[in-house]
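Shared chain: chain A. Partners: chain B in the first complex, chain C in the second.
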Partner chain A sequence: MQSALRILVVDDEVIACKRLKLSLSSNEYTVECVPGGAEAVQRLESESFDIVVTDICMDQVDGIAVLDAVSRLHPQSKTIVITGYASVEVAREALAKGAFDFIAKPFQPKDLRVIIDKAAKEIRRVRPKDRADGSSGN
Partner chain B sequence: MAVETPNRASEESASLSGVLTDPGWNGRAEYEVAADEALRRRPTLTVRNRLMLMLSLFFLLSLAVTIWSIHTLSTVRDSILFLEVADDYTSEIQQARRYEKNYLLYDTNLTDALQHASAAQRLARDNDGKIRKVMGTQAVAAMHQHLDEYHSLMVRIGDTKTPGTRADLEAQIRYHGNEAGEFAKRFVTTERAKVEARLSLAQRVLFASIGGVLLLTVLVANFFARRITSTLRRFAEHTNRIGHGDFTPIMPMRKYRDEFTLLAVAINRMVQELDRRHQILIESHKLRALGTLVAGVAHELNNPLNNMMLTAAILKEQYDELSDEDKLEMVDDLIGQTERSRKIVRNLLDFARESETKLEALDLAEIVDETAHLLGNQLKVKKVKLSVVVPQGVPPVHGDQQLLNEVLMNLIINALHVVAEGGEIKIVVDPEREDGFVALDVIDNGPGIPNHIIGRIFDPFFTTKPKGTGTGLGLSVARGIVQKLGGSLTVASSPGHGATFSILLPVTGIPSDISSRT
Partner chain C sequence: MSSILVSSQSYAGGPEIARRIAEKLGYRFWSERQLIDEVAKSRAIVPTDLRKALEHPPSLFGLSDVVRRTLVAHLQAVLAAHLLDDSLVFHVPYAHGLIPGVSHILRVRLVAGWASRVAMAEKIEEIPLKKAEKRVAHDDAARNSVSELLFGFTDDDERYDMVVDLDGRQEDAVIEEVVGAMQSHAYDAMTYSMQRLRDVELGFRVRSAVIDLEPSARVEADHGMVEIRCWAGPSRKAKLEAEVAKRVGGLSGVQGVEVRVFDDSLRRGWA
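Take a look at the complex of A and B:
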């Protein structure tokens, strides 16, 4: 049995944060929520998360900045962005900056879970290899 | 939705202009029809007819002068001929008198004297009528009498030998001869004076008519030049006015219809058509603003929708595991988020709503808040900071809430377009600037407006945005609304230092308006 993956949810909507935490938490995932981009970057600077789920449109520090912070601090982490509207440009920009996938509001928890599971599978597929090459890597 | 039935389209533009122009679309149309009728109802007096009339008068005047001159010339000719008769008569008399003297002194030539006296008598008799006209009937009668006496006395003296009687006859002959001679002299002098008077009159009349013709020519030329150029100038002023978006029809200024009337009617028709299209464009401008707004609102709506979706889905998924307390909280959240969505939609509908102008006392702070809230997302997307400064105790202004929202919306969207990402827009309300008015400034820190275009930015269809992105109607519509509400909209800007749009709105004068507000 593998250890639970750590997920960071970033959304300035308090209700969405609360519900996502409730619905994503399971044996496989431990979920932490922050209500803004600035807090997310702060957390990322001190700790690493396997998966970061972030809203794009937020006051001050937005999702793209969070995505930048992830690629800078923890390049092996997967970032899933939540776009406000099904905007192709924003999604394309996020993907170009290294986002794993995107999901458009409004969505159901199970849709997000499918994407998170996909990301987890990817992480788990790479990680043993990482460990095997651990001595030569990093 | 791009294709609409004509009926619907005209209804829309009708209701829109109902908002923007006071008498409303129907009132405007009536005004135009009235202008058209007023232009056409005047009696016709075309420039062509006027010209014909003037030239006819001219011709008649010249004709009169010419006919009079011809008449004068012919009378002068007659007088000269008649003068010859007078000369003949005079010389006959003089001859007779010369022979009479010879006879009396030397007793010769009596026959010659008699012959000449008879000739004079004949001439006088032949031209009796004409001489009467010149000298008068009495004088002529006297002349005939003297001549006859003179003739008969000379016949008598030839037969008389008695010296006493002869001396008496001689005296009588001298007297009558003298009278006849005097008459002849007077006759010639009078006739000559008459000819001279007539000739000098003819000369004066001709000089006067030259002067008159010259004066008339100048007057007529001046009149037509003035009439035509002044009318053309009026039309030029008119087209300038139309260029600045003033679509009031041309009203008649003169008493008569002429060729320019057709032009005025044609221009009025064109203006009417322009006005109609302008209204449709204003409508499309509003739709465009609405489109900008809708994009933001749709985005804003996604947040409560997402919250509801997540909450409802989890409520369903984990129904059995959740405590009653959690379930209740979730249901409360659902209600709360639905309420939030409703508010967003209502704001949008309020902006899009079309209605009659409703003048009332309004709190500017409220309008600023509402508009700022509606545009919240646009500001967020561009990371533009909006600060609002409203002092305490701003008196209510006189206006229509929806129209003022639209004005402010246009100004803020404009500012939003010019400021850089992360820029700043300030809204300052100032009740002190002008007596009876409240000032509202929308200040941006964009690049400012270049001097060469600042005079045109309120013109309809003037835009600095790339082709196809701006209608160029936002500021013109905003100014139209503010002016209609009795206020003014001005701009101050210097390149590099942003721009300040200032609205002045009249303070409500009737306090009862406030209490009647719902």
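Take a look at the complex of A and C:
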């Protein structure tokens, strides 16, 4: 059996973070939450995550900056962007910067789960034997 | 699932370039004529009327605004349904207005210089220079006024995602530029844009289904929930509300309907 993939959830709404953690945590995924973009970039500088789920609108360091950090530090990671202020321009910017997917709030947890499962499938397809020893890939 | 809508000025050579873009990307190509024929067939309307709705400027003895909007509503419904199904390149007028706000649909405008368009008009139509100039000027003015009538804005370059000037450029280079944009990932389909397209498609399909009941109907769809706003006189209000709700409730993908009929004494529906 493959080891759990690591997910970093970035959202400055603490309740949203908790809800996402609750709905995504499983045998397949271990979920860590941070309450803002600055904290996310700090975590990404010291560790890698398989999947990063980030809100766009956050004070100081926004989701696009988090996406930039993921692309720069861990290009193999998949970033899923969530936002309550979706627009054509932002969606295109996120995808051009390498986002795996983009979803507008409000959404059902199962909708995000479908996207995460899709990202996980792609990660496992590309590196099927990765994490077999349970390492975090740092 | 990304698609491209290509609009071009008349006599700019747009259809052929659009076809070659489709070929290069491996997308299916639809010409304006094919789309019009398909809409006409599926809605039992006369293709010539639809062509007039797209090409002829408003005039005293031409199509009424109501008929024009009705015909174009049917066209939008058919176009959106196809865009949900496949990766396509359509050569259509008004790409900037027909399908609003879907990030995986690239809306391209191909423009060419006045002299080259006039020369092309002379050659294709076998008409003298003066007539060719008049034809091209007429086409531009017509396109602007029809666009203004249908969408509330002219055939303005800034409304397109990409404007490509064909003058002095090799066709291959133009095709590469558009294909390159599609390969940048910015126009990739994503969860948000697919949902947006589903909403747009449902909204157009609903509007197409009720427009004969009330041409002023405005429709918004969001995850299967449909809101319809119409304008009618007090005597017609209740009946219209019931008829619209009944007709829309039976359409696939509709999970809920809210019909709001406003007093039309000031004809605000067309404002």
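Keep this in mind: the second predicted complex is superposed on the first by the 127 of 138 C-alpha atoms of A that agree within 3 Å, B and C clash if a C-alpha of one lies under 4 Å from a C-alpha of the other, contacts with A are read in each partner's own complex, and residues count from 1 in each chain.
FYI, a residue touches a chain if its C-beta (ideal position, glycine included) is under 8 Å from a C-beta of that chain, and two chains touch if they have at least 3 such contacts.
None of the values given here were measured: they were computed from a predicted structure.
K.L.:
Kindly classify A:Glu13 by the partners it touches after superposition: chain B alone (first), chain C alone (second), both, or neither?
P.N.:
A:Glu13: touches chain B, not chain C.
K.L.:
Applying the document's definition of touch, where does A:Pro109 land relative to chain B and chain C: first, second, both, or neither?
P.N.:
first
K.L.:
Mind working out whether A:Leu22 is in touch with chain B, chain C, both or neither, as first, second, both or neither?
P.N.:
So A:Leu22 only meets chain B here.
K.L.:
Counting only touches as set out at the top, which of chain B and chain C does A:Val88 meet: first, second, both, neither?
P.N.:
A:Val88 sits against chain C, while chain B stays out of touch.
K.L.:
Which partner does A:Leu73 contact after superposing on A: first (chain B), second (chain C), both, neither?
P.N.:
neither
K.L.:
Identify the partner contact of A:Ala38: answer first if only chain B is touched, second if only chain C is, both if each is, neither if none is.
P.N.:
Neither partner.
K.L.:
May I ask you to decide whether A:Ala96 touches chain B, chain C, both, or neither, giving the answer as first, second, both or neither?
P.N.:
Second partner only.
K.L.:
Who does A:Asp59 touch here: chain B (first), chain C (second), both, or neither?
P.N.:
first
K.L.:
Which residues of chain B touch chain A in their complex?
P.N.:
298-299, 302-303, 305-311, 313-314, 317-318, 333, 337, 380-381
K.L.:
For the complex, which residues does chain A have touching chain B?
P.N.:
Of all residues in chain A, those touching chain B are 13, 15-16, 19-20, 22-23, 57, 59, 82, 84-85, 105-110.
K.L.:
Under the definition above, what is the set of chain C residues touching chain A in their complex?
P.N.:
Interface residues on the chain C side: 101-103, 184-188, 190-193, 195.
K.L.:
Within their complex, state which residues of chain A touch chain C.
P.N.:
Contacts found on chain A: 86, 88, 91-93, 95-96, 98-99, 101-104, 111, 115.
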